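Take a look at the structures listed below.
Shared chain: chain A. Partners: chain B in the first complex, chain C in the second.
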Partner chain A sequence: MPDTLTPPTITPVQLDLTVNGRRQRVQADPGARLLDVLRDQMMLTGTKEGCGAGECGTCSVFVDGKLIKSCLMPAAKAQGVAIETVEGLAGMGDLTPVQKAFHKTGASQCGYCIPGMVMAATAALRDNPAADIEEIKERMGGNICRCTGYSKIFEAVEIARDVIAGRLPDTALDPEAVGNSFIGHNTRRMDAPSKVSGRLQYAGDMVMPGMLHLQVLRSPHAHATIVSIDTSEAEACPGVHCVLTCDDVPGKDGFGVFVHDQPVMARGKVRHVGEAVAAVAADSVRAAREAMALIRVEYEALPGLFDPEDALKPGAPVIHDYAADNVVKHIPVRKGDPDRGFAAADLILEDSFSTQQVEHAYLEPEAGIAYVDPDDVVVVISPSQNITHHRHMLSHIIAKPINKVRFIMSPVGGGFGGKEDMIYQGMLALAAMKTGRPVKLVFTREESFAASAKRHPSRTRYRMGLTKDGRITAIEFEMLSDGGAYGMSSEGVMRKAAILSCGPYEIENLKVDTRVVYTNNTPSGAFRTFGGMQAQFATESMMDMAAERLGMDPFEIRRVNMMRAGSRTHTQQTLTSAAIDRVLDAAEAASRWEAGVPNGRGATRGDLDGPGTRKPCTLGARFRAGGAGMVPTVKETS
Partner chain B sequence: MKRKLRGRGVAASWYGIARTATIDRAGAWAEIDDGGTAKVVTGVTEIGEGILTVLAQVAAEELGVRPEDVTVGDNDTARSPEAAHAGATRQTYMIGNSVSLASREARGKLFHEIADHWDVPVDQLRAFNGEIWVEATNKRMSMAEAVAICKGRGVVPVGAASFTAHGTGLDPVDGSGSPWQAYVFGTQVAEVEVDTVTGEVQVLGIWAAHDIGRVINPRGVEGQIEGGVVQGLGQALMEEWQTDKGHPVTHGFAKYILPTALDIPEITSVLVEDRDPNSPLGAKGIGEPALVPTAPAIMNAIYDAIGVRMKSLPATPEKVLAALAAKEAAPA
Partner chain C sequence: MLYCDTYLQPATLLEALRMLQAAPEGSRIVAGATDLLPWAREGRGGDVRVPQLIDVTRVEGFAGWRREGDRVRLNAGTVYQEFLEDDGLVRLLPNMPHCAAWFADDQIRRQATLIGNIVNASPAGDGFPPVLTLNAEIELARLEGDRVATRTVSVEEFVTGPGRTLMQPGEIATAVTCDAMEGYGGSFQKVGLRRSLVISAVCCAALVKTDASGRVFEDVRLALGGVGPRPVRLRDIEEMLRGREMTPELVAEASILPARHVASRSRVEYRRAVVQGFVEAAIEEALVALGAPRTHATEREAVHA
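Moving on to the complex of A and B:
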């Protein structure tokens, strides 16, 4: 946690250490981590905080030549050590071969994990300059990346290894020559040098003079009435500049992507564990947290809803007054005559499928800074995925015209839909307006998990009718999703799930219903595919089950039913083109697919273990390679 | 039975580009600037997908400059035209086309002045990679010189444009409507190895064929596919946000399990180009669609390997073992 001011009651420890080749003396809070000293006192913000628990690797640095996670090292233990951070790897304006290779291959996407990845890759190649790919993977196994799928990172490390060893010329790191067009050219990413060097500042890296720190008090209850909130003790704490509750909202409270059902801070009741209830702005994070502990909230527990089926039962607790039936949205799609379609079927399959709630797990936790500019414009800097909509909502919430609200989108350290919801920017704006000071908020990982939206968990009931030759005659598709406590993107997710439900196939007769309900679970919202994945998981499972029953190859049954130019979609739109034929052909050819009935024939396949597959993972590559003085601790199994 | 069994599965998919069941729009400004550089202003920034690079490539192509000479900004509601949200697989389609159109307008102003300067018809002018020339002549100069001449004639070469995608809403009763004007399709094949003692599933290979309309940056597209596949793998096998009566159980990365370097299959991307006829670029998108077929392809591969159908995600080792045990117990 950034903590720029040390309360007077705490005696700082003096540290003498060498950082990136220069001797430094700092006075550190005895409770500070090495990460805090690097980021907050030395402004070395290339070292990121992703989890604060040693699990993600974004804070990796070298201490006396050994790669460590700086969130786990007490600053007080750094007396006399030599530290190397990502900023120290190359000279100013230069890049190391590892960094250049990351640039070359496109190994950085959002970039938030990348300084840590560069450090881990550097460590791997310092420890064993001849490391093979298995060893590289193992040595980088402590660093999480959520964007890239790691593949371009591995490619970069192998190129860097070979350039450093002289097996590849330095020119292997050069950009690709351009022909007669930049369209279709592997132009290197414009933002990569700033990301591989740690120079790019995300919202959590930014500081402003006079900046206060916001901390948020969150609900410990899933569903409860708020009887009272007493902030008087917190207000009286030294260093506290304001305490916020819903009473501080000057305009019309409420935000959401489709329905504005979520207050900036809980109003009257809480609807999920982790919901914002109050917030404190203070001189330091520590002061804000200490004051927050003194806010007295009296709750009266309400019966909770934790299963979407229960939400639909008569007499179920009501979570939002406007939706007495707990239904956020129902999207119906109808086409043709399903009864007639099923009557014409030779085979009718019925089954059910379910998908789980999934966290976006972007490596950059939510963060932002708000201030009021000299022209009374309320400015919010944050990694918002929708600054246009956020300014509309905030203008209602703070009762100001649109041109007095300004959103600046800071570099987004991963979003995947999870940063479309305005779950903290309202509090930041209110705190800046109330104090007249810039105010910063950085979520902890646990806070990010508890307060941000997830992928909708779903249950789908499926009925599919087919003729003997594999033609689908009718589909009934019914999906129920858990929207959690607030609407967020639920409506749109149901719409997309319904539109895409039955897959890239022309179905003459269908009946599709997608429903999402309120519960007291963590809210669900936008997440890469917006319902499309949950729906098509069911459809694509059914396609294979049907192929098995009908004795068809999975590609074949898909070709029998696929959309073509002129096809009418499930929502009765006529397509002018449909490339499903070409992608089926391409995947079949690339994978050297051996045709056959999908009846559990893996043991007899002849197309396994060929080009395009990796070896199964067996731990121990870094020991087998003879790392100095290391003993194998993991036995291979086969 | 052998302990480790392999199998393969396939899944197809489709997806719509840009906002769903509504009209979508995005605006941009472009200027050819001193020194043969360029400025593009649009209200969105990078969320990691590579949009800044795509926009620089598009602007460079249209303006005749180099991508590295293009400055892209400014993600600020008070300083830039509305480009709306960074999501819905809409960045390349909406903003790319908006930048393309704005750049064409700026180029038109420059070309008009240079054609007049050289006394040639404007349709004979070409510009690329920092140079401008007249076809089939030896008239040629740098874009830096061209901008100086244009400005010397009193004209700043600027352009502004808006791009529209004409989606329509759905009928509330039967859902009929045209939610998107551009669709993409994808197919993925997965190869897995299932350990029948531990229940662990390793994904060894993914072949991912996706229609993206037109490829602006091949590596960028591959990066999106690889990232989407690995998120799909996480969804398929390990990730699960769990709560107990609303209380989070999986608080952090120690409990919420994500794919790491050791879980990654070899991924073979195949890029299929079915150009979009309704936009200047012809490109569509790839961000979200890349994830859709991964989990069902893996589930179909697990069935191929061990003959059990995983209908409840994620297919954790515990669930795979339970399904295997149920299969053994079932009457043959």
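Moving on to the complex of A and C:
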């Protein structure tokens, strides 16, 4: 990247190296990483950046035949070396057995970890073509996947190993025949070849001529009034094309999935650590960051709210003026007569449950490019999970008719709900409109953690009444969730938590309340199960405890209460079909469940530690293969 | 982000020392760079400008290792993966492969040097417990006039606190020397949430040798990491075990002692509990490495009961 702020003393490093069999000469920045040179100068974007700290493995490449993490290697070290990237594994249009096996088993889902994963699998099999599955797992331990749970990846590596060794025929890599129907057959993903070859471009891989780089100044405070923002020094920096604050928003500022309570950049005050306050677009990331450091923001700290219980107390600090009680949403569900239900119970159980904040940690950090096309259409390319809604919100924010706003959804390198919120696309659009240039923003992993929504931390108070034979007579369910600083998907999450609250059981009498409140914590939003997980943790725990107290088998108590065709749900919908009976049967068989009361079956259990159960994690597969002397049997060939 | 004005790759130690002497303030020696690059990020060093990086990985004589009498000399370029993959090192430094298996991952181990781990002096550094049991010394080179002078410091004394060592400005670490421990059983214990890429909350290394009968501890060496500002060699327990008959009761008794060495600023109770199990498991696994049968967890519980 051109770097206008480069001090005159800087000495570029001239690198002569071989990349995928071709000799290359590049001038590298002395502070650049090998990853930067591969991606930005050689356009080898199959090598991804997921964390920049050696933790994820999306950047794995071979250097002189040894797999390393290119985010941890200064580019200058590459003088004279031979590099092989994912693009170099097979010829154009061809795939290696490892890549074909990944295609076959469906090992690529979002695909962002996959080039690195293919490299790690390739390295493992090059280092030991006979590696068993434990050794493969150990050798691939430096690469993280968030979609697959690894099973399909390991399945692929074992198939590839056996094909390479000749133990399986090449046809083992072919797709399964599907006949006239895909149903009941393994079908290959159409996008897998683009992912296993590294050719699929995510937003962070895209470049446009004349593209500027955006960097975002974020709040160090959880709750503070913004007294002033002085951008003059930053504006004056060479290479800076614009500095943005909320004052640059031409239309009606505010976005959110349900309530539009979040400004594109902090307006008047900040509500959580990591909230965007200002942004700089410049010729290079470095120029933008150096200018950003010169923005002066004066804050006046406000008392913060960090516990959802505190948010409900009288006199609590108010985080959003429109919600004086700090409540984002309360979802009540009522059915039957809980008082009568509890009166009819032989046993009443009460307990409380809490779940914690969770980060999605998709391997692809947030990224996007925005530009204004010749017809004045503002275009935003990003891995948004909700582009139509984003488009509508952005048209209000930038005061343009909807036909002048376009969203292009780039491949989503993992979302899990975390990319439903429009937390950066507004800034990109404003920067493109202000500069007339394409503008790109790529979050760092740290930024992604600080700024993106999390799973709602929850606290649930539970009361369940049951008869002696295990029939639930009534439930009182009260959940309080920490919504963090902005509403985002909170309302929907609370709705889902309420709808699913009491599980797949027919409860005649229930009183359910889910509430989500504002605090000054990182905002909570959508995350796989969308509130269901927090509720089911409480409900299923209650079912197990009830089984213990009543001396029943845990499967049995669930069968007594499960929904059937004709059951009425918690929200009083009549079901025409229900599958929980089959789910319970399948789970019981698969787990080799020993029927009985959980707490009354003695010390030994046949269904624990048995076949098919997960053994404790150990290391040293490479030693064990060598016997008691613990001498590694496999040596690297260099 | 890391900003650097000049990246230097000296070919000789003399050249490297001269570069270091002449380097502007804030310049750094770099080997594997696996600590440097994660440090230059938000939440740690942030955006940092290092005027000069002096990369010593191409310095003549920094690659490889050799045996010197009853010691092993590991030159500065020795990376963690070598402890797993070099037969000679596996034989001579029997607890290092176990440490290496738990250290980061295969890819990082190909770049990360042992000497960098020591100089970095993190209280969680995985390399410390095993090198302490190996009576390791670190060799430091400096310029004296126009020639290279060296001094040697035991690693135990070298680390004075978190990130603090006895290294002087102008010095470059050139080698680590260790006792050659052929015939010992080695082991390494570490608390981790997954197999790879885990930073130790506590770690423990052991080296054990039995007498000809296989029933008496001829020698035991133990050390802990992650339990305070510096790694700790457990000489009191070594003393207690040396020459005694190997019984599960003795090992269980010895394993209670090291809890008092825990001087961390956080999770003290947790670490004390872990340390107790670690010392016992480290000794047991070192014996397993010598060919002893593995004790089942329930037998161990019975001894403690």
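Here is the rule we use: the second predicted complex is superposed on the first by the 603 of 638 C-alpha atoms of A that agree within 3 Å, B and C clash if a C-alpha of one lies under 4 Å from a C-alpha of the other, contacts with A are read in each partner's own complex, and residues count from 1 in each chain.
Here, contacts are C-beta pairs under 8 Å (C-beta built on N, C-alpha and C of every residue); 3 or more make two chains touch, one makes a residue touch a chain.
This one's a predicted model, so the numbers in the text were calculated from it and none came from an experiment.
Undergrad: After superposition on the shared chain, which partner residues are touched by A:Leu72: those of chain B (first), chain C (second), both, or neither?
TA: Only chain C is touched by A:Leu72; chain B is not.
Undergrad: May I ask you to decide whether A:Gly31 touches chain B, chain C, both, or neither, giving the answer as first, second, both or neither?
TA: Once the two structures are laid over each other on A, A:Gly31 reaches chain C alone.
Undergrad: Now for A:Cys617: first (chain B), second (chain C), both, or neither, which partner does it touch?
TA: Both partners.
Undergrad: Examine A:Cys110 and indicate which partner it touches, taking first as chain B and second as chain C; both and neither are also allowed.
TA: Touch partner of A:Cys110: chain B, not chain C.
Undergrad: If you stack the two complexes on chain A, which partner ends up touching A:Ala53: first (chain B), second (chain C), both, or neither?
TA: both
Undergrad: Now for A:Ala131: first (chain B), second (chain C), both, or neither, which partner does it touch?
TA: A:Ala131 contacts neither chain B nor chain C.
Undergrad: If we overlay the two complexes on their shared chain A, which of chain B and chain C does A:Leu428 touch? Say first, second, both or neither.
TA: Neither partner.
Undergrad: If you count the residues of chain A that each partner touches, which comes out higher, chain B or chain C?
TA: With both complexes superposed on chain A, more residues of chain A are touched by B.
Undergrad: Could you say whether A:Arg289 touches chain B, chain C, both of them, or neither, answering first, second, both or neither?
TA: Second partner only.
Undergrad: Report for A:Val13: first if it touches chain B alone, second if chain C alone, otherwise both or neither.
TA: A:Val13 sits against chain C, while chain B stays out of touch.
Undergrad: Which positions of chain A sit in both the chain B and the chain C interface?
TA: Overlap of chain B and chain C footprints on chain A: residues 53, 55, 137-138, 141-142, 446, 617, 619.
Undergrad: Over in the complex, which chain C residues touch chain A? Could you list them?
TA: Touching chain A from chain C are residues 1-7, 9, 30, 32-34, 37-38, 41-43, 47, 50, 53, 55, 57, 81, 84-87, 90-91, 94, 97-98, 101-102, 104-108, 110-111, 186, 194-197, 288-289, 291.
Undergrad: Can you tell me which positions in chain A touch chain C when the two form their complex?
TA: Against chain C, chain A makes touches at 7, 9-11, 13, 29-31, 33, 52-55, 57, 60, 66-69, 71-74, 76-77, 79, 120, 123, 137-139, 141-142, 285-286, 289-290, 293, 444, 446-447, 617, 619-620, 622-623, 628-632, 634-636.
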